[in-house]
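As written, the chain order gives the labels A, B, C and D, with residue 1 at the start of each chain.
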Amino acid sequence: METKNRLDEVAVEELATRFEGKGPEVVIQWALEHFHPRIVLASSLQAEDMVILDIAWRINPDVRVFTLDTGRLHEETYASMERVREKYGIAIESFFPSREAVEALEREKGFYSFRQSVEERKFCCGIRKVEPLARALKDRDAWITGLRREQAVTRTVLRKVEFDHSHGIIKVNPLADCSEGYVWDYIRTHGVPYNALHDLGYPSIGCAPCTRAIKQGEDVRAGRWWWENPESKECGLHVTPVETGQSTA
Amino acid sequence: METKNRLDEVAVEELATRFEGKGPEVVIQWALEHFHPRIVLASSLQAEDMVILDIAWRINPDVRVFTLDTGRLHEETYASMERVREKYGIAIESFFPSREAVEALEREKGFYSFRQSVEERKFCCGIRKVEPLARALKDRDAWITGLRREQAVTRTVLRKVEFDHSHGIIKVNPLADCSEGYVWDYIRTHGVPYNALHDLGYPSIGCAPCTRAIKQGEDVRAGRWWWENPESKECGLHVTPVETGQSTA
Amino acid sequence: METKNRLDEVAVEELATRFEGKGPEVVIQWALEHFHPRIVLASSLQAEDMVILDIAWRINPDVRVFTLDTGRLHEETYASMERVREKYGIAIESFFPSREAVEALEREKGFYSFRQSVEERKFCCGIRKVEPLARALKDRDAWITGLRREQAVTRTVLRKVEFDHSHGIIKVNPLADCSEGYVWDYIRTHGVPYNALHDLGYPSIGCAPCTRAIKQGEDVRAGRWWWENPESKECGLHVTPVETGQSTA
Amino acid sequence: METKNRLDEVAVEELATRFEGKGPEVVIQWALEHFHPRIVLASSLQAEDMVILDIAWRINPDVRVFTLDTGRLHEETYASMERVREKYGIAIESFFPSREAVEALEREKGFYSFRQSVEERKFCCGIRKVEPLARALKDRDAWITGLRREQAVTRTVLRKVEFDHSHGIIKVNPLADCSEGYVWDYIRTHGVPYNALHDLGYPSIGCAPCTRAIKQGEDVRAGRWWWENPESKECGLHVTPVETGQSTA
């Protein structure tokens, strides 16, 4: 039922308020009950993603999970995808960039154009992440992410339930108010597999040439696009309403 | 002129005989004079490829070079592509796999299906290498490779000029009778940039999960698809006439 | 009591026979009860070592663990040591090579002498592993290892309790008859942390330049000193009685 | 002649002034003529070190080179040492940390104590770098480094010839006023081998867990001990007179 799944702005705001202070299990349980199978869990195989995957799988082992295989990931990240397949029996739905777009990018600008400017970096993200994400969310009513407010200055006002204006669907952020400590406690307690890069000092997992080690406890996005200012550090997957200035009326 | 570039079987055999014992420069000079711009140099950024690129570039700086960006390469290999851009001013023509094919592969078989059997491995190579190669060679009359007879039991009868039945064009192998020593002497003498993986013990450069260190001087293909028998270790890029049993008549 | 801990040849043989077919927990329980605190667990942070550590720690959280920090380990291996400290509260006792010996080795033979011959490789192992091991076992009555018969052609006759003639103490191999499957089942079931290199295809963990990926299920020692014959692939830590020909009478 | 080699404070200041604006070759030529064989070149195998090594070796192939093998270096760094041996025939003199000190450090504080505070990091540097350096410089009259003023806020006042109060000998910095561009131009032009980590975005080479990628052109020390303030980022190898406040009178 399309109508069943559609939420208006008021309902979204009420839900966000209701879930504030509630644990991730409560939010995920609601989301899966309300939207499955028209809801999908986004995973870049980083710690937060593994936690929401583990919680969601315990609630519904048929939960759908997708990843963006950008073509420049660490081998450790693919290994984590394989761990998910083994432990949970989940075939992660992979979204790969357009052949034509990557070929044009690499032929014209070379293999490290993203180092030249924020614009070039966003152009690369656009091809490898933003366009595939749009396909991943097409015909869905909602998606679940592992975003946390603590992760970045661009994420401090994150709500647990939002209307994602970029994609026209609901976005659920069950870990919005969780700390890094919560994430790792969950992983240790439940024996959740996690990306080996974390143990090498990488808190945020992205493309190999665009991710580096940071200090534990520091703004985790310091390890991504480190040559840019914090304010510009989003790849376009998670656009805030303020940025877009769009209205849902 | 199409006619100018076409060689019949007899001419190919005569050329192969003529070039036996001749240095790579002679063969590359002839190939570029005869076929440019309808000839292209294949590069996986391994040592042999860097040597033929350096020789070809000294003869004609407009030489065309392509690579197969499989989506699972080592970061060191991309870094080598960037060195080529910097030193030679050559924009390597990248060929990337089909989005739909990679997505289908990964969703159905996971991210390490190539470890399961020779068939699965060749299926993956088909998507990430063989199909893109066919596009790279389309509308060309010839291609130049860095193949050497010493590299593998599947390559001992390699000719310096061959008719490539798989692609219907001429294939030129200027290093066919060169030793590994020749390759490294050339690199050291001419200050040619080379893939850093070589210094870490990788003699043959391929996809990251399918390449490993080997002993210097050992069959270099021992570092590729090490779980398979030597006889099956070709990815389909370099098919021998014997295997195909095809006739050009 | 020295006398309490000393076992004669007959007792060792009887114990080995008694423990054949018994699970690792039984063997480790006996070993700790009989020898603690004069027993020590050897760990190179590979999967087997993590299993015996987890079992031993559940029996006695004061179990002593040592490792050989050869100075050429993978960063992933150090990260695993840190996981042990975090999860089990165990400060791994590190044994480091002699400064003078490493300096003499590197100055005279360079930094890759081990690639030249079995003798040179064993000379390096002697400095970085064998001598530190002797110190680790000094004043102990027994040690516990993660050796398994399946791992190598040099290990097929391994007993669960042996007299270690090289070091003059008892050697306990609780996993001697365990399969690789047992090891990984234990790790998954108990949420035991493990070296991330395993997920990248490295089954046997050693020094970084001397370890490479192998096929899952293959002789795991194929990833160590791959330029040598299987028969010569021991670093001197685990010498068999046949080799030494020593008598304990 | 001891007396020949000794320089007083006035002579040092005059030399520093004389060499300001002079090329590295001039400075190195003077240093080798004046001090050899009681002068040694320090190399951590990073780009600057390769340049001074190449220049020095062209002047005197018997130039002495040492490195600090801290026991936590990248494999790429050892590979670079091997390239030096191959190309220049120079056996790099390795200095390794004290066995007892490393064992005590790791047993008491674990394997990542340097992440906890500046003091702990300096304690680790003390064991792995500062003490071995003192041995490397013992009985020498001078040392040559690849330091550049641009590299760090702690290095802006670097002189080309200094009295090194910490070690009581002369310190020669031939690249003090050279740009990063100069270094790479020299490397490309002369075909000098360089550490592969540079191509992966690491401008400054140190211990593996304490070095990360930075932006090209950024303060190169941003890749070292990134969890600390710029002002504290020296490992104790290069102490400025201001810091020590010592007088040589």
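The rule is short, and it goes like this: a contact is a pair of C-beta atoms (placed from the backbone, for glycine too) under 8 Å apart; a residue touches a chain by one contact, two chains touch by 3 or more.
These numbers come from a predicted model, not from an experiment.
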Handout entry: Any chain in contact with subunit A as well as subunit B
Key = C, D
Handout entry: Between the pairs C-D and B-D, the one where more C-beta pairs touch
Key = C-D
Exercise for the section: For subunit B and subunit C, let me know how many angstrom lie between their CA-based centres, rounded off. Expected result: 43
Exercise for the section: List the centre-to-centre spacing of subunit C and subunit D in whole Å, with centres computed as mean CA coordinates. Expected result: 38
Problem - Interchain centroid distance [CA atoms averaged], subunit B/subunit D, Å - result: 41
Exercise for the section: Would you pick out the residues of subunit A that each touch at least 2 other chains? Expected result: 75, 79, 82, 209
Practice task
In the complex, go through subunit D and note every residue touching subunit C.
Solution key: 69, 71-72, 75, 78-79, 81-82, 85, 91-99, 102-103, 106-108, 110-112, 208-209
Problem - subunit A-facing residues of subunit C, complex - result: 75-76, 79-80, 82-83, 87, 188, 190-191, 196, 199-200
Completion exercise
Within the complex, subunit B is touched by subunit C residues 115, 201, 209, 212-216, 218, 226-227
